[in-house]
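Note sheet for the following structure.
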Amino acid sequence: MDIASAFGMSEIALQLLVGLSRAMILFIISAGLSLILGVLRVPNVAHGSLYMIGAFAAYSVNQIVGGAAGFWLSLILAPLFVALVSFVAERVLFCHLYEREHLMLLLFTFALMLIFGDLVKFFWGVDYKSVTAPDMLKGSVMIFGLPFPAYNLFLLIIGPVVGFALWLFVSKTRIGKISKAASVDRMMVGALGINVSWVFCTAFVIGCFLAGLGGALIAPTMGITLGMDHTIIMEAFLIVVIGGLGNIWGALVGALIFGVTQSIGVMLLPQFAIIFPYLAVVIVLMIWPKGLLKSVW
Amino acid sequence: MFKGMIHKNTAFFLAALFVVFLFLPKIIPSYYVYFIASVLVMALLAMSLNLVVGFGGLFQFHHGVFYGVGAYAIALLVKKTPIPEWICFILSPFVAALAGLIIGLICIRLSKLYFAMIQISLGSLLWALAFRWYGFTGGDDGIHGIPMPSMISGVNNSYYFILIVFVVCIVALFMILKSPFGSTLQAARDNEQRCEAIGVFVKRHQLFAIVIASFFAGIAGVLFVVLERSVFPDLLFWTLSLEILIMCLLGGWFTFAGPIIGAAIMLSLRTFIGIQTEYWTLILAVILALLIFFLPEGVWGYFQEKLKHRKEAVTERGQ
Amino acid sequence: MLYVDNLINSFGDFRAVNGANLTVEEGEIVAVIGPNGAGKTTLFNLITGHLKPDSGRISFKGEEIGGLPPYTICRKGIARSFQLLNIFQRMTVFENVQVAVLSQHNRSMNIFRPARNMMIEETNHILESVGLLDKADEISGSLSHGDQKILEIAIALGNEPDFLILDEPTAGMSPEETNATMRLVKRLTSEQGLTLLFCEHDIDIVFSAADRIMVMQLGETIVEGTPQEVRENEQVQKAYIGGESCLK
């Protein structure tokens, strides 16, 4: 089937733009996961739950404040709330477990995921929640002569902004540099007399902040519901792995692959669109078994 | 055949236990019979996983897929083909083993987390197929009311069938674990490099272990259908795979019977706490977290250690 | 029997082995010496297939084996022990050796027979010859360091090798254990007609045990010859020993 003739070039371009904007959210979440994987070596399954908490928290902020102000405020407060939760979790639980094997850590974070899931159920209930975007992000913008949702355009802008901020953090700040060094050689950093524990904590909290931000950003685009953590965490893990574990730019590449293959899937076989990203992951890993970009593991 | 492999008293105890299980349906209400049957199914699944994870040391993170494939295979074979039911029963585990072979061939080149991830993506692919292919698999509704031979219909009959298959399977798994293949597999788990240096093609061993484990997972899937008479895409979803990993952890990775205990604990929580409170997963998760903190060898593993220490103490005193 | 010619292997920019040459004739005891980081272990890993050479040749019994996987090379009759402890920690001493024996007899894929009834005599024979028979049922991870090193050798013997490679067989042992181990190794090689290639830190041991010695430095073979020749070589004196005396 000739895709171009079936859809028209502009529709394809539009569909790809939608894929890219979805990739931006995936990137923000996966970058956080990748940071934690790289610096702490913790395969944090609870990352998806933090994303879910971010979305629910954004809903609550919107309920309390309301209007456009509520939306913008939720983009700041929800991730901060998630960061706070993760800070407590790190100091109370994780910091005692860093030396355990990966399988144990993974199952431990899975236990946390179950706990977070039940806590969300307890505080927010089982009903669908929704958040409306402010007026300026509602409706559509004309691109290639076709309407393109304004909110997706907003995501396309915010993704690179977050990426840039993260790059600034990792390469310009002292703690960022230390955490980068720690991801390559932990012993070395410890030997330099740096308090590794706090470096880990900072990296963990920032990673989780990103998960919360992802949740807050996705809130206006879909129903906020229990179980939204299950799909996202698996996708985030796959993205991080095909990009290269612990490599933040790898998360970007992986997210783009994920988003774009999904929109290609939507065009080719709408019913089976969700299969395409998985297929892409399998193909990437068969050719590059350690991911596309350099992994720190 | 078992000479010297298990202690005489243990053998006697197990035989007595089997007899008790045979008479259970006469004594307890059918709800509990159903419950025990479902524990047996899960226990078999968890044990098949433990062959690969506990004794093979592989990051088999999406074992649930083979269970799901076994279940879907029997459902589709019975519903959509004229093949006699009993032949479907035999074919289905082989379908699961074939899935294990294909997925295993793709995964085995990678190690650790990468192995886990490519397996999760392959499994998710199958899940997505089952989830969306309404025409063939019934999509997210699944397939219900799968006809079963009358011999194994009804709670009691299916219980007997499951019990017998379960016993045969654990005997087979036990034999495999104690065979040269089993000890070589454990050697490769302890030290892959060393194992290659003594002339073992480790990857081939691990692949074979995956195939065997998926065969038994497929049997568990068939038993699930015998009990429930329906299949749905959740059987292939990754959370189930993590749940069975947790069963292995609860019971103990390095023990043979651990996963049975793990499955029993988990399903008891779900069934008996689940009717009390909707927050049963919270309790499970707290137990799990405590376990990882304090008993990483699992419940059964912990007791085995204790027993061993006591035995050693006794022999030392004897000397 | 074993012939290594101009072997090169690098990790990234670092050439761990940079032009190693070695000849081992049947029945000989050959030692490789050199300072830490000279590439001895890398050389052994290249011979046994745990690493693939970038260039150069390795031939064993006239057959090219460079780049073959370890399990294939093992089947050709080369067995080895490792410098760092490399045993099957969770298994018993008996099982550790049995696994090697089973593998040697192509039984390791068998799922239909209980392993505990197989190859008992062969395994016990090996355990007896190294003196671990009385500890056969202990979990290997709980043995003393010295016994674990001996077990390493026993596992290697399980493959009925013609050619045995020992990577620092006495590392971490007390002087008495070291002497006992070296006596054991010499006895085994002569009893079973093995060819032995080993590396060792203790110079005295090397010079008393080896028929010939190869000296490596910075990945390169600087000299190969009898102990006498090596002792008299000026380059060795300068490079390895740092001057005079130690090689009396």
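So that you can tell them apart, the chains are marked A, B and C in the order they are listed, and the count of residues begins at 1 in each.
Quick note on the criterion: contacts are C-beta pairs under 8 Å (C-beta built on N, C-alpha and C of every residue); 3 or more make two chains touch, one makes a residue touch a chain.
This one's a predicted model, so the numbers in the text were calculated from it and none came from an experiment.
Touching chain B and chain C together: no chain.
Of all chains present, the one whose mean CA position sits nearest the global mean of protein CA atoms is B. Note: centroid distance chain B to chain C, computed from Cα atoms, is 41 Å. As a whole-number value, the distance joining the C-alpha centres of chain A and chain B reads 33 Å. Per-chain CA centroids place chain A at a distance of 50 Å from chain C. Remark: chain C residues 48-50, 69-71, 74-75, 79-80, 82, 86-91, 95-96, 98-100, 102-104, 107-118, 155-156, 158-159 touch chain B in the complex.
In the complex of the two chains, the chain B residues touching chain A come out as 53, 59, 106, 109-110, 112-114, 117-118, 120-122, 124-125, 128-129, 131-133, 237-239, 242, 245-246, 249, 278-279, 281-282, 284-286, 288-289, 292-293, 296. On the chain B side of its complex with chain C, the touching residues are 1-5, 175-176, 178-184, 186-187, 189-191, 193-202, 204-205, 208, 212, 254.
Within the complex formed with chain B, the residues of chain A that make contact are 43, 45, 93, 96-97, 100, 102-104, 107-108, 110-115, 117-119, 121-122, 230, 234, 237-238, 241, 245, 271-272, 274-275, 278-279, 281-282, 285-286, 289-291, 297.
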